[in-house]
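Take this structure first; my questions come after.
When the chains are written out, they are named A, B and C in that same order, and each has its own residue count from 1.
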Amino acid sequence: MESVFDIFLLEAVLNGLLLGGLLALLSLGLNLIFGVIDVVWICYAELIMIGMYAIWWLHVGQGLSLWLAFPAAVVLVGLMGMALHYFIIRPVLAAEPINQLLVTGGVLFFLQALATVIFGIDFRNLGVRLPGFSVGDMYFSSARLLAFAVALAAIAATWLFLRRTFTGVAIRAISQDRSIMPLMGVNPGRIYLVTSAIGGALAGLAGCLLVLQYDVHPAIGLSFGPLTFLICVMGGLGNLIGGFVAAFVFAQFISVGGFLFQLEWGYVIAFVFFIAMMFWRPQGIFARSGR
Amino acid sequence: MLELRSVSAGYDGFQALSDVDLQVRSGEAVAVLGPNGAGKTTLLRVISRLIANRHGELLMDGRRYDAMPAWDVIGLGIAQVPEGRRLFPRLSVEDNLRIGAYLPAARGKVASRLDFVYSLFPRMRERRLQLAGTLSGGEQQMCAIGRALMSGPRLLLLDEPSAGLAPVVVQSIFGLISRIRAEGYTVLIVEQNVRQVLGIVDRAYLMETGRMRTSGTAAEMLSNDAVRKAYLGI
Amino acid sequence: MREAASALAPAPGRALKNVWLVVLALFLALPWLGTGQYPLHLIIIALIWSYIYTSWAIMGRLGMVSFGHGAFMGIGAYSVVLLWNLFGVSPWIGAVAGVSLSLLVALLIGYACFRFRIIGHYFALVTLALSEVVRLVIIALRDHTGGSLGITPKPGLADGASANLYAMQFSDRTVWFYIALAVWLTGLVLWKLADQHPSRRALQAISEDEDAAASIGIPVARTKLGVTLLSAGMTAFGGVLYAQYQFYVSPDTVSGIAISLQMVFGAIAGGMFVRLGPTVGAMFLLALSETLRILIGNEHHGVDMTVYGALLILFIIFMPRGILGTLLRR
């Protein structure tokens, strides 16, 4: 009996690891936007939802191959990110931060409602069954493993982009001193747009990975949106490395907590842990100085 | 090369520059002197188009550019080392230099330009991967100048390069500026450190409360009574 | 001569006051003026939401923008229903329990945030997570709470009776009208009292510059905590009212981010810096959803939220002070 308990706990831990990769991808997009533009996209999870619906519609509705639907979704949500910044966030950039939160809150409602109107409240399944596989007594879904691998690859690619390319350096610089960027030939508005496009594209990619594992419905954003915020706050809002680590920590709480108790308790435990962390390191465990 | 004609500029309700004329010819080194609040920094910001001028004309090589957006000015060959260095503290020294070459025309030449900058400032090469915020004041100034040089400019604007630096460091900075000038760069320096800057420039302007008071060669300015009384303590 | 003339022409201020009194009298007599059941229901709901939005705005207007008041409403609502259904405890006592529990949660989270200077984005996100956690706890306790399906209070009306005071159940809308009206007015009075309290100036200073306020000796954390507890308690009681009137609660209708955002939007749409602003906001939102229901019918329940979301965006961009705030230029 002891060894059976251990193996399933191990399974939960490993599944938590796989989940962590996906959550890390989610938090990367949100952290990037906040770190550069100083705005939280409350509607980030809803952008992911739109990506999921787009894939479902293209594949199940229009018969388009997944190999085409996935890139299409990434591009679509990337464009949505740019549009979000250009039309909705830019006008309130100079106002109080609360306004930026509220305006993206409005987008959250709008997108949820739009999805309800267009697709209805039923759960939509992609109709793609990826096989699972067993390691001993442990069972894993290959969709989850694939999501983990792709998420890490995307994170690595983004990291390289930020380190090596000129635009990447500009993105990293602009949050540190915006007003002198033009002296080096950088158009700050354009950098914001590029960052928004990347944030959107990462959301679109997350949608691709999620739609392989979960059915999509208009309220699905509530399942991982607030969690993503918590992860980012705990890692220090805007801190890419912090968010990465925090994602895996939270994923363990959810996976192991959900295994030991019920799924929802995993979230509760994660939140309690988060509150406890706040007493220890209020600005997030890896917060950047000055935020 | 650079010319300002009757330029006026200011901030909400405050006139910082009034009717300013200025010229910098190719290959020259020119200084702009004046006390705090004279409008010297505003002058450089106007030249770099960080602020729009209200009246007057900005010309580079005889062509007006006072409608140009700020981020295109570097394409004209004008690069500025802003007041207070303004490096990106959490980027490495090398990243700070690299972003100086953001201009598309400069990107292909990053490697050779980096070499050039490192040859001017060997200490930068040692500290390449260090975060810029951890450098000393003098090193930061070198890095900031290096960053401006990365775009391959023709005109280099320097805003108070000696500010906040120890005298020994100030000397080495001015020495470097001389070397840069000798490499063929045209230089416009805004400074409060009158004696030292007059030692390395050809001409100088004197500004007070937003207006040009007087101008002349370095030697003339050194012997100018107004300058001597106010700044050299004579 | 002059006195006679001024006595003949009533001062404009006095005339306005008379108009207000007449309106108030009419309003108080509303149930007796032949108002239909459905319009009366709308008014009651409007009053309850007005009170709830006012409760949120009492701290929201001071720079403490919480995205988590759904937590308090949910705690209040579920406390009364669960204690009644499971233990037969009167909702009056259940209300005390619900409000107390909300105060405890507000104390804990508020202390954590204020002591460690968690403001702005961080504060909003932490409170958002709080409302979600409450929602998740409600769902997780599904054996008692009915999970996502929600629960209704056990009927407590004896045959033929229209009221059960002990059970806080009244089938006569007239009674609910006066209860809602009284609570709404209480909310406005509390707002005014909060303004007259000595801490009001301190809170204003804090909302403008917390560091400066601290440096002149204002006990920032304690001061903020005070108004937070008031707001949380008031909101929890709003949840109690809502549960008992609507006679149905579910995790999504009384807790979670959607409800929290609705409160914020409602208060801001009307103008959160003005005392009657949240009320205007509630009326506006209700008018909006009713209009849409009439225009589009009951099937498309997504359309009103689409309009709602679009309006929120437009409001923030073009009218950040809200309807009343913009009208009054405040």
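A few remarks follow.
Everything below uses one rule, namely that a contact is a pair of C-beta atoms (placed from the backbone, for glycine too) under 8 Å apart; a residue touches a chain by one contact, two chains touch by 3 or more.
Just so it is clear, the structure is predicted and the values come from calculations on it, not from any experiment.
Note on connectivity: the fewest steps through touching chains from subunit A to subunit B is 1.
With centres taken as mean CA coordinates, the chain nearest to the overall protein centre is A. Ranked by separation of Cα centres from subunit B, the top chain is C. Distance between subunit A and subunit B, defined via averaged C-alpha coordinates, is recorded as 44 Å. Mean C-alpha positions place subunit B and subunit C at a centre distance of 58 Å. Chain centres here are Cα averages; for subunit A and subunit C they lie 32 Å apart.
Partner subunit C is touched in their complex by these residues of subunit A: 34, 40, 42, 88, 91-92, 95, 97-99, 101-103, 105-117, 218, 222, 225-226, 229-230, 232-233, 237, 262-265, 267-268, 271, 274-275, 278-279, 282-283. Interface residues of subunit C, counted against subunit A in their complex, comprise 65, 67, 108-109, 112-113, 116-118, 120-122, 124-126, 128-130, 132-133, 136-137, 139-140, 256-258, 261, 264-265, 268, 300-306, 308-313, 315-317, 320.
Residues 166, 169-170, 172-173, 176-177, 179-187, 288 of subunit A touch subunit B in their complex. Those residues of subunit B that touch subunit A in the shared complex are 48-50, 69-75, 79-80, 82, 86, 88-91, 95, 98-103, 107, 147-148, 151.
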